[in-house]
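Read through the structures below before going on.
Both complexes below contain subunit A, partnered by subunit B and then by subunit C.
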Partner chain A sequence: MSRRTGSMGDILALLSLRGWAIVVFAFIFAPIVSMAAFSFNADRFPSLPWAGFSLTWYEQVFADPMIRRGLVNSLVVALAVAPLSTAIGFLAAYVDYRFQFFGKRLYMALASLPPTVPVVIMGVAMLTFQGRIGLSGTLFGIIAAHVVISAPFAMVLIRMRLADLGTDIEAAAWNLGAGPWATLREVVIPFCAPAILASIFITAAVSFDEFMIAWFISGQNETLPVRVLALLQGQVSPRINAIGTLVFTTSMLLVILAQALTFRSKAGRR
Partner chain B sequence: MSVTILELDGVSKSFDKQSAVSDVSISVQKGEFIALMGPSGCGKTTTLRMIAGLEAPTEGQIRIWGRDVSQDAPWRRDTPLVWQSYALFPFMSVRRNVEFGLKQRGMIAKDRAEKADEWLARMGIAAFAERMPHQLSGGQRQRVALARALATEPELLLLDEPLSALDPHLKVSMQTELVRLHRELGITFVCVTHSHSEAFAMADRVVIMDKGTVQQVGAPQQIHRRADNRFVAEFLGASNILEVEVESVDASVVTAVSAIGRLSTPTPTNMPVQVGGALSMVVAMDRVEITKSPSGAVNQVSGRIAMLEVMGASITAIVETEGGVTLRSQLSSRDMESNPLTVGDTVVASWDPASAYFVAH
Partner chain C sequence: MSKTHASYRADKRRFAVLIGAPSLIWQLVFFLLPLLFLVMMTFWSVRNFRLQPDFTLANWKMILNAGFFQSAYLYTFAISIFAAAVAAVAAFPVAYLISFRLAPAAQRMLIGLLVIPFFTSLPVRVYSMQIFFSPSGLINSVLAGLGLSPVTVLNTPVGALVGYLTLTIPLVILLQIFALNGVDRQLVEAAYNLRCGKFKTVISIIIPSARVGLVVSFALAFVFAFGDYISPQFLGGSNPPTLSILMADQVKSGNHWPRASVVAMTMIFTLMAMMGILLKFAYGRSAK
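And then the complex of A and B:
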């Protein structure tokens, strides 16, 4: 933020602007902060005064086999989705960077479409389709569905990076005797490495958080968000706060890592 | 002594029916420094890219050592290019950039590091081996680009506007350095440039192109002395071009009428001249003399000094003649000292008939 010496009016304006920003952020983050705070509260009910620090709810969460299974399922799905959707996203972005062809705009529109489809529609469609081909209710089915919605995120991230790859760079590699594969391996992929890593984290986060589609198709193989809803429907337990805090922390960590990578690569390039 | 390394034989290239290069034939000798020169869009860069294999010719053949390489992929040729943008790999250190071509040729890590360091030392940038390209200045990047292209010890080096991105003071020193490098290595350089001062200062032979076709090929001196056509004379910008109508022709002298009077020029042997024909007459600016009083020369025109353009040690006097045509005369500062001129002076411009020649309209 640029500072300049100003009149009282300027100072007041600046102070009220900051105050407003604080209010907005407080509004956004208050529920999350209270969730995190009450997850450590010894009292069963989320009410003040604070009844004392406790890890009971976390212990209960980890003791519940259904939640553990949900967590494991979510992790397995996220770990599979991240590399798969990043690979697909990279290829889509590279095709856009490298080739000119008829119908390219249509291709790009289709490639970026999935996240704009309402998730309920996507969930129902996936359920019907996967039910037909016998994938519904399997982890593989969830992975496939999550790849569909996360690959466009990977594509966008990698495409941004490729836009910074000078048009002569690939040709320079060919000119020095590197064939198209060697160029991809030694020039294009290393250049995109920060974006590829960032997209692995982002797609993992997208998959880890995704509820609606998983709710439709997961069947017996519940992912963690689906399990959370099942819990909520049964009872209001402070365990929810503990799970919520865990999920939020995991996703935020992934997103922050991705951001850090993206910014570092921006600072390092010219 | 002359062994042909590179031949372009009737090479044409069109993009979507739009012709970029048409019917270019050039033969380059081993060890030559060739400059491809012309205004932007003349096809010089496309020609260079075809030699490197980055574009395939639509027609004609490109032969290296007699072998047709026209359809060979760029990575199957040994024609390293020094890019106008340098095109250094941004995420690789300087040394790894220089090693790149060696790595593609399967050289082991230790050998290629040695070789890269050797070239970096030769280019005077050994101290920057560990740096990243964005940490270097333009001149340093240029040297890395040269080292990278030369590390594989090619017989043919392609340069695309190698000096255009440099600061003016670096241009001249890099120009000298390229000439020195060319002499030391004894390999063939093909260099694209839009600047005739660069081309004329560096090249053994210059290829002047316009609208995708070759206009003239020759040694700088030869082109400077005699342009083959009006485009070349205008492009070089160092001549007066006068519209004339031929009045009489005999075995040795052509007399022609122009807006500034009757002018004599030796009868050309390389083109037909007919009485009544309209031609352009070219008189190099440095051949036009300026005197205060009639000199008795065959071709002389009186006029008034309209302007004096001082460019360091050389001065261009712009003479407005009575016929309404302006003549330019290039003088040295020494000429000016012995015969001082000021704007507004009434003068006589004259030249030796033998220093003028005709080109087609």
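And then the complex of A and C:
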């Protein structure tokens, strides 16, 4: 490769590649940067020049009872979804790791496919079904739906960790007289602990950010992202930026925690 | 106190059933059942604004024959294919640069950056795009500064396209990077040693050997755009409406769930057919 890197055409090609990459990254990150920047802008209308630093929009966000209620609902839902979907995802991952049985492919398809169905369809399906059994408009209805789409993420994360657990380790525990439950509790779960914690954070972030299904089924019990949709349908409001920045910070903290945990477990394995 | 062989096996089976049950039950009750209910709902009728269990093909006939549905279907299909193609073509040079031309540290950092959009609310990013492209927004200010005439993007298909790209480009770049990282580097080295130019190597070595991953990234971009409601509604101004907008309208204001269910079914069939065709294309030709 080194023989050719010197040529003029190659340098030009590399430069234009880098230039295009900068354009694409600007397209991806400009909305995020603008969200954070304008959330602290004193001016009501998001235009340059900058009108000065202000926390007005954050104060308005916290003063708005509907937004506060949305935040509380979102937190309650995420706090329930994270352990539930992680437990369900863990068990599904363990089934895949441990058992062979007739219909396993169907079982695993059911455990992993939900995120591939467009959320607008999931929303309508959940609404009609939950409306029928009296769940729509309840927080449990939202939790049930969010567990459906979050559990597969937990399953994949934990399955990757289980791939590193040698099959002989469990066998050794059984030979030493431990039953399957004791082995699960004393060997498998401690081994998966970093992945389990990571998926608790990731599933919380997925639920906290989900707006489409919740928009259909939440009814009076709006979550925070549903409130954002309602604000979007109104006029220009920098409060959207303030909420977006708060949600972004929360989600990123969760993701970084999850990352740190998986990274540490990888380092510890060596 | 040693257990008999039979009771030991019964214990094992009970263990397996108890471990396997939660995921199965939850996804059956809260995922598969709602979807099956949606299928059933397409045959129900609405009388005096109330749902009635029924077996009628009226909803199917009504929707499939309606001009507004047919034009929305064609529009949604066409713009989703177009958006996925633009995303794939725009993303490829970036993925190639990251996978082949950057040091591992820079590669890891950029991949980390590309994960961020997944955890940033799409409605809020779309709101930022609304501001950029508003009549007196950043883009038009820059154009005016350059002495160019302003552009109208909001409430047009181009606006919807901007939203689809916002949604899909990070995903497409990431998937393309994974696809390109799987390309055999020795093959690429061999091409260079045989004096195959960089550009020609990309076309005749790298793209063919990463084909499966590249097609999958295109397919997922199509799936995401096809089902998206936020971009066509808030950037496209539902002008013209997409299938997702038709569905939301039928449910939210029209209160006609059976018709919305029919639209949902046509979307599911389309997505399944597209995935089938694209995966066949991805895997099929390699077996020469």
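Everything below uses one rule, namely that the second predicted complex is superposed on the first by the 245 of 270 C-alpha atoms of A that agree within 3 Å, B and C clash if a C-alpha of one lies under 4 Å from a C-alpha of the other, contacts with A are read in each partner's own complex, and residues count from 1 in each chain.
Criterion: a residue touches a chain if its C-beta (ideal position, glycine included) is under 8 Å from a C-beta of that chain, and two chains touch if they have at least 3 such contacts.
What you are looking at is a predicted structure, and each value in this text was computed from that prediction instead of being measured.
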item: Subunit B versus subunit C as contact partner of A:222, first or second or both or neither; value: neither
item: Touched partner set for A:21, first subunit B, second subunit C, both or neither; value: second
item: Partner, of subunit C and subunit B, that touches more residues belonging to subunit A; value: C
item: First, second, both or neither for A:34, with subunit B first and subunit C second; value: second
item: First (subunit B), second (subunit C), both or neither touched by A:190; value: first
item: Touched partner set for A:119, first subunit B, second subunit C, both or neither; value: second
item: Partner chain in contact with A:172 - subunit B first, subunit C second, else both or neither; value: first
item: Touching both subunit C and subunit B, counted on subunit A across the two superposed complexes; value: 179
item: Residue numbers on subunit A that touch subunit B, as the complex places them; value: 166, 168-169, 171-179, 182, 186-187, 190-191, 193, 268-270
item: Of all residues in subunit C, those that touch subunit A in their complex; value: 11-12, 15-16, 19-20, 22-24, 26-28, 30-35, 37-38, 41, 90-91, 93-94, 96-98, 101, 113-117, 119-129, 131-132, 136-138, 141, 165-166, 169-170, 173, 189, 192, 198-199, 223, 226-230, 234, 244, 247-248, 251, 257, 260-261, 264, 267-268, 271
item: Residues on subunit A engaged by subunit C in the complex (per definition of touch); value: 1, 3-4, 10, 13-14, 17-18, 20-21, 24-25, 27-32, 34-35, 38, 46-48, 87-89, 91-92, 94-95, 98-99, 101, 107, 110-111, 114, 116-122, 124-130, 132, 144-145, 147-148, 151, 155, 179-181, 184, 205, 209, 211-212, 216, 225, 228-229, 232, 236, 240-241, 243-244, 247-248, 251-252, 254-255
item: List of subunit B residues in touch with subunit A within their complex; value: 52-54, 73-75, 78-81, 83, 85, 87-92, 100-101, 103-105, 132-134, 148-149, 152
